[in-house]
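Two complexes come next, and they have one chain in common, subunit A, joined by subunit B in the first and subunit C in the second.
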Partner chain A sequence: MDDQPLLGGALRTRLGRVDGPGGLAGLAGWEAARRLAAEVEGEPRIQRLQTATAFGVYEGLLLGVMQGRRLYRVRPRQLIVATGAFEHPLVFQGNDLPGVFLGTGLQRLITLDGVRPGRAAVVVTNADHGWAVAQDLLAVGVEVAAVAEARPELPPAAEALAAAGVKCFAGATIHDARGRRHVEGALLVRLDAGGDPVAGSERLIACDLIAVSTTPEPAGALLAQADGRLGYDPALDAVVPQALASSVHAAGAVTGLSDLGFALLGGRLAGLEAASALGLGGGEASRMATLRAEVEAHRARLRRGLRVRQLTSVPSVGRKRFVCLCEDVTEKDLADAVREGFDHLETLKRYTTVTMGPCQGKMCHLPAIGVTARLTGRGMAETGTTTARPPVQPVPLGVLAGPHHEPVRRTPLHARHAALGATWMDMGAWKRPLLYTSVEAEVRAVREAVGVIDVSTLGKLEVVGREAAAFLEWIHPGRVADLAVGRIRYRVMCDDAGIILDDGTTARLGEDRFFVTTGTGSLEAVGQWLEWWLAGTGRCVHVADVTSAYAAVNLAGPKCREVLARLTDLDLSPGAFPYMAVREALVGGVPALLLRIGFVGELGYEIHAPAEYGAWLWDLLLDAGREHVIRPFGVEAQRVLRLEKLHLIPGHDTDALSNPLEADMAWAVKLDKPDFIGRRLLEAARARGLRQRLVGFELLDGVVPGEGDAVVADGRPIGRVTSSKWSPTLGRGIGMAWIPPELAQEGVEIRIRSAGRLTRGRVVVRPFYDPDGARLKS
Partner chain B sequence: MSFLVPCPHCGPRDVYEFRYGGEFQRRPPPTVSDQEWADYLYARRNVAGPAKEWWYHRQGCRRWFLAVRDTRTNAVLEAFWPEDKPEGAG
Partner chain C sequence: MWQLFRKTPMWRPRPFRDRYDVVIIGGGVHGLATAYYLGRAGVRDVCVLEKSYLGSGASGRNTAIIRSNYRTPEGVSFYDESVKLYERLAADLGYNLLFSQQGHLTLAHTDSAINGLRVRAEVNQLMGVESRLIWPEEIQRLVPALDLSPRPRYPVLAALYHPPGGIIRHDAVVWAYARGADRMGIAIHPFTEAVGIGTSNGQVTSVLTSRGEIRAGVVVNATAGFCSTVAKMVGLHLPIVTHPLQAFVTEPLKPFLDKVIVSATLHVYVSQTDRGELVIGSEIDPYSSYSSRSTLPFLEATAAHTLELFPCLRRVRVLRQWAGICDMTPDYSPILGEVPGLKGFILDVGWGTYGFKAGPVAGKRIAELIATGRTPELIKPFSLTRFYDDTLVGEKAAAAVSH
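So, the complex of A and B:
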């Protein structure tokens, strides 16, 4: 993977002749790069990813790679890092002026972009590479006004430039860049042995370009993230990898030495070692040992030839001495921070944001260490390095987030609702009809005649097995084991802290077979909750999620029995099929499960049929109900209807602090049962007394409050509204609210602050509609 | 960014396919002291090192299993069905 569009690395940007091995000797850098790239491109077993940035190494050697808007997650078993090195800027007065460049930046402009970057340049360097930059500038017709070499002696490469008439200064560097809006000159200065400028040695050179070319700083962030150790090597004046993780290899300038021959040799060794670790060959041990020795000898030779002079800044004063060009952190900022006590590199970094900009310290890491070392009087090695964390390159969040997929679940009746012009609402991933016509009309149809609602989104679980009854008994606060076959019971489920998780119904289809419904949004949590308590217990209980296997509708209203009777031979008389009973029968020729329950508070049947027959059944029901003017009703009407019955919705009317005793469902909690999930804290809650209660309220005046509005007393909040609607049946606003227990008595007046105004309400503890359930049971 | 969890049924899969189920602990008998019950409900060991945890393969076999994960490195050292090690690994 290469972050550049073409293979070849830094070599692509070099005009000078390489003194590389064999066939490459004498070629221009960019020509050698082409030759090497062609070798890779001609090898079909190498898959290449170009313009692809490896931006981080994560746990388990996971590599994040960004290619345009695409994200690759690569899990290599062996990783070879050959990320090269960066030059770092020098800290001097005016180093942010346009016209101040890094040497490698100029080489890119010259070779890749075909730009002549200026007319007259001053090259400031402390490394051999600076002299190659000066050569390249000359080659494209830039006058090189001077080269300031910080090292005390000029390198051999200086001869050719001196011969071309270039002024070459040894033991000198830049003091400041002159110019108003662009570089107009460079003030050079001689350095004494301690690195301080020699007074009176200043010399102003006119130029429009300043090339700063420093000792290469290995791009070792990926190695560090891959559990390698980096440290300052004074012989190289760079932070270099000192130890690598076992499956990680490094080659090229990232090791701290920039030399083509060394890079080729080291790359070969790294490749063979990786291949041999993978069991893909890699050559005999003796050949590997020879190669390893060759690499070490080359390394030693290069190190012997190194002449370095540490240079990150020239002591002087001035406000425009930038250490971090991304974050505008100056040397003075660092000095102030150190004086304030942030004298450790890691705290200094956080306090000043040095190295925390978009380049993530690629440019300012070494200058920051150098300046800090000088400010604190510690050495470079002692000053240490900052921690390299991913990403090493800015990554758009969109790349990490991936494409925008919003899965949608549609019920088997979706097309029917669409044809009826339903307004949709989202419930989790589900699309549900909110409304078809008007809430008033839909509510009236259910209360006075017959309505039908798609409840396919209800979670449906089949719980079967020899121990299913005992298990359900233990996991619910209510009773299950004594439920007769063919009967249904309301179920509320709590966690071991006694908090309501979910509610629904349990229907016993057989001695060992239960049909359990959950709320629309809680199916996954409930299924996993049951499975979790079963895991490893060996209990003979199986939980199957059959939610999408069934389409389900709730047919409700005083006329619904007559409508259903047209479609089934089942005896629907209240004696044969009473309230809270379950039957399996054919409806319209379709095998169906019928649950006589009533969330909306009317005579009603919840009909579950195989999903593929859902639309057929829906059409039959609408047809059979035509005489009674059957109406489909949506979630909005359903919510009004249930609120008139004060049926709560877990997660809507309850939260992570709600227990069923306070939610007015003590009847669903059987504390006389032996141990069950939630028992201990429900027992404690009963002993302690209720701290709040969930009650109904009706409005005496004003507008219907919003859900979440505060119930107030003496101007202070004492509770909150969880549900509120206009009830067409009652002709007034109604709702549910949590209030202090002492107020939870029929008729007590409460005040609700809604949209900045107070609204009066009256507490109602019995359902508004059909409080004794006569209609449900009819 | 992510790490692999070796599901005992499906093999090593991306952690995003799983639901984390918390530290493994046993439900104490209902007769323990209030303090012990409160610890069971609310106190977690939160170790820096190998921790035995529940995992659920949500986008796979949909089964709960136990895994020993080094919380410092996210390396999953071991994954197994609870019934295979009734006494667990710690």
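So, the complex of A and C:
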């Protein structure tokens, strides 16, 4: 993968002839690049990703790659990084003037864009590459007014330029750029052996272009992110990879040496090593060893030939000596900061924002280190480097986000609700009907005749296996194992701190088979909880999430038995199918599971049938109920109905600190049974007594408070309302609230702060409606 | 760029001595604030040990949200004092902290979230903290760029508006506390790691460091993500699990957002700094780890959630991502005070994802505890013993995403 539209890297931007091997000698750089690219393009087994930026390496060699608006996640088994090198700007007065360029930038303009970048150039360099830049400028008709070479001696490449009449200065560099809105000249100075300017050596050269071409700085950020170690190498005057993680290889200028022959050889070795690590050949050990030796020899040869003079800036003063061009941080800013004690590169960076701009330090990393090293009197190596955080290249949020898909879960009856004009609400990922007509009408239908609600969103788990009963017994604070086949029990589940996680029902379908329902929002948590406690135990228990396999409705109301009787042969008489029993039967010809339970406080049947037949069953039920004016009811009516029965909803009426003893669910906790999850804390909670209690209340004044409103005493919050509704059945506002235990007695008056005003309520501890459950059991 | 006119070092290297009255382990906002307030209380034979550079821990990596709209009365009073200290802090320390009390909005996308926010609004108001539920029309006025249409999967239904909430320049707070402490003669020793703690007869006696041993009768553990490792030096097991927390910034934009926006449903929060960058974060990574390595899935998911709120940011580019580590307690409240049974060992930990805002109040009250020997009322609810007698201060609902 490569971030440019064409393969070939930096070579693609070079006009000069290469002296490389492999039949490339004598070609212009860009021609050689084309030749090499063609070899890759001609190989069908190489997949190419062009204009694609690998912007980060993450844990486990995960690569983030951006190509246009597309994001790729790539997890290679072997990674070869050949990201090349950057030149970095020099720090001199006026280095932000238009007309100051990096040498490589000019080469891109010349070769890729066909632009003649100026009329007369001064080239400032401390590396051989600067001389190639000068050549390229000459080649397109730019006059090269001078080349200032910081190294004490001119390199061999200078000869040709000198012959062409170019003024070449050794041991010299730029002091400042002159010009008002654009470069008009460059003031050059000679450097003494210590790198200081020699007084009186200034020489002003007229030009409209200043080309800065420095020792290449490897683009090693990806290597660092891939757990490689980077450090300053004085021989190269660059931060280079010093150790690579396994499965990671580097080749080319990113290793710190820019040389075509070396890049080709190193690339070959990296490829073969990656291939052999993958067991895909790569040559016998001896051949690899030879190649490795060849690479090392080449490296050593190159290093011997290196003539480096570290150069970031000429010591001087001036207000426009920019170190970080993105963030407008000058050398003076750094000097001030160091004097204020920010002499560590990491604090200096944070204080001045050097390296924190859009280029993330690609341009100013080395100058910042150089200036800091000089200011603090520490060496470059000791000054260190900053962390190379991803992304290496800025990535648009839209690319990272991709087309955003938040799934919507619809029940098998969704279309029916839509046809009835339901008002929707979100419950987790589910869409549920909140209301069809009016809460009053829906509540009255259930209390007086018959209603039906879609409860397909309930979590449904089948727990099967020889040890299923024992497992569920241990998971729950209540009893499960002694449940008879064909019977149901309400269940409350606690975490290991005795906090309520969820509630629902457990139906025993067979000795080894349970049908467990959970709240709509808690299926994932409960499923994971069970798996968590099963993992690695080897218990013979299997948990299957069958939620979407079933459509489920709750048919409730005094007339519901008559309605259901029309659709099934099952004996529905209270004796044959009592409260808290479960039966399997055909309903309207559909195999169904019927649970006789009653969350809303009426005679009721929860009917689970295969999802495919959900809509069919729904139609049959509405049809069968027509005579009794059956009504579908929504979540809002259900919440009112259950509140009239003081049935709490975990997560709504409870929070991360609620235990069942305080939530008035002591019936669900059997401390006399053997160990279970949460036992220790529930025992402790019982021993220390209740600190708060969840109770019902009815309102003495008219206003129904908001859910979440505070219960107050003497202007301080002492509790909170969790549920509160207008009850059409009772003709007054009712609710549930957490209050201090001493107030939790029938009839005690409490004050609720609602919208800034106080409302009076009366504590009620028994269900408002049918407190003995006579209607449920009828 | 900051404080152009003063060029003396913020804190000076001081000789490393072999005894101090108080040793503070951790050179983040908590350790340094404690040092500063100790100095103010007249306790100045103090040193701060930091294993790396100052602010290298969470204090230099957080998203600097400051607010007090918590859920429990104990939490609200505690954080409210910190906000008030922050309001005066720039003046107290003589340093520009760029504290921007721009206002803080916690969005609700579900009816149960609205209820949760209402609980907080009520408790906040009763405790005298400005905080109220507002509805889409007002939200739109405050944050024009926010998508309040029905288009998002979970449209915004309401918000908890907390006008005094805001953001600050975190590094400046750290440095300014360090300077304040330094000016009172307190020694700050960066690049000095505590590697052991000596005790005798239920009393702390010394700290072993990478530069030698220090005798001291009082040792403060203010090491946040590393606090379990320091507690282990005295054989103490803390009810704390360390998790990574990540964040990222975008390239700078013109000012377009002057409120901190938090959405628990979408696990995302966004603010814009004075530099113009958007600072975006989420909740903790779901696994425990001491690694501060950032991840791609976090970046992807958080970018997606950001665009649910602000579709206009599609082309804005992410500049840099990072991670810090957080010392999570079961109830999302800190652990403060002396450890029962170990005289002189003081905890200022359990800061999880929300501790930056508490630097001033915790520093001040821990200093008071050390100076007077009495635990201030304000921090009593946060003692370690609450995990033994089960009196947790449940703030998860108010702190899991909105740090």
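Convention: the second predicted complex is superposed on the first by the 727 of 778 C-alpha atoms of A that agree within 3 Å, B and C clash if a C-alpha of one lies under 4 Å from a C-alpha of the other, contacts with A are read in each partner's own complex, and residues count from 1 in each chain.
The definition used in the following text is that a contact is a pair of C-beta atoms (placed from the backbone, for glycine too) under 8 Å apart; a residue touches a chain by one contact, two chains touch by 3 or more.
Just so it is clear, the structure is predicted and the values come from calculations on it, not from any experiment.
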item	value
Touched partner set for A:Leu62, first subunit B, second subunit C, both or neither	both
Partner chain(s) touched by A:Asp336 [first = subunit B, second = subunit C, both, neither]	second
Subunit B versus subunit C as contact partner of A:Gln528, first or second or both or neither	first
First, second, both or neither for A:Arg679, with subunit B first and subunit C second	first
Partner chain in contact with A:Arg491 - subunit B first, subunit C second, else both or neither	neither
Larger contact residue set on subunit A - subunit B or subunit C	C
Which superposed partner A:Gly538 touches (first subunit B, second subunit C, both, neither)	first
Subunit B versus subunit C as contact partner of A:Arg73, first or second or both or neither	both
Subunit B/subunit C common contact set on subunit A	56, 58-59, 62, 64, 73, 390, 400, 497, 681
Touching residues on subunit C, where the partner in the complex is subunit A	1-4, 6-12, 53-56, 60, 73, 109-112, 114-119, 121-123, 125-127, 153-154, 171, 175, 190, 250-251, 275, 293-296, 299-300, 303-304, 306-308, 313-322, 330-331, 389-392, 394, 396-397
Subunit A partner contacts - residues on subunit B that touch it in the complex	1-4, 14, 19, 21, 27, 30, 37, 40-41, 54, 56, 58, 62-65, 73-75, 81-83, 86
Interfacial residue positions of subunit A with respect to subunit B in the complex	56, 58-60, 62, 64, 73, 75, 390, 400, 496-497, 528, 531-532, 535-538, 675, 679-681
Subunit C partner contacts - residues on subunit A that touch it in the complex	56, 58-59, 62, 64, 71, 73, 329, 333, 336, 339-342, 344, 346-347, 350-353, 356, 358, 360, 389-391, 394-398, 400-402, 404, 406, 408, 425-427, 497, 651-652, 655-657, 681, 684-685, 688, 691, 706-710, 712, 715-717, 720, 722, 753, 756
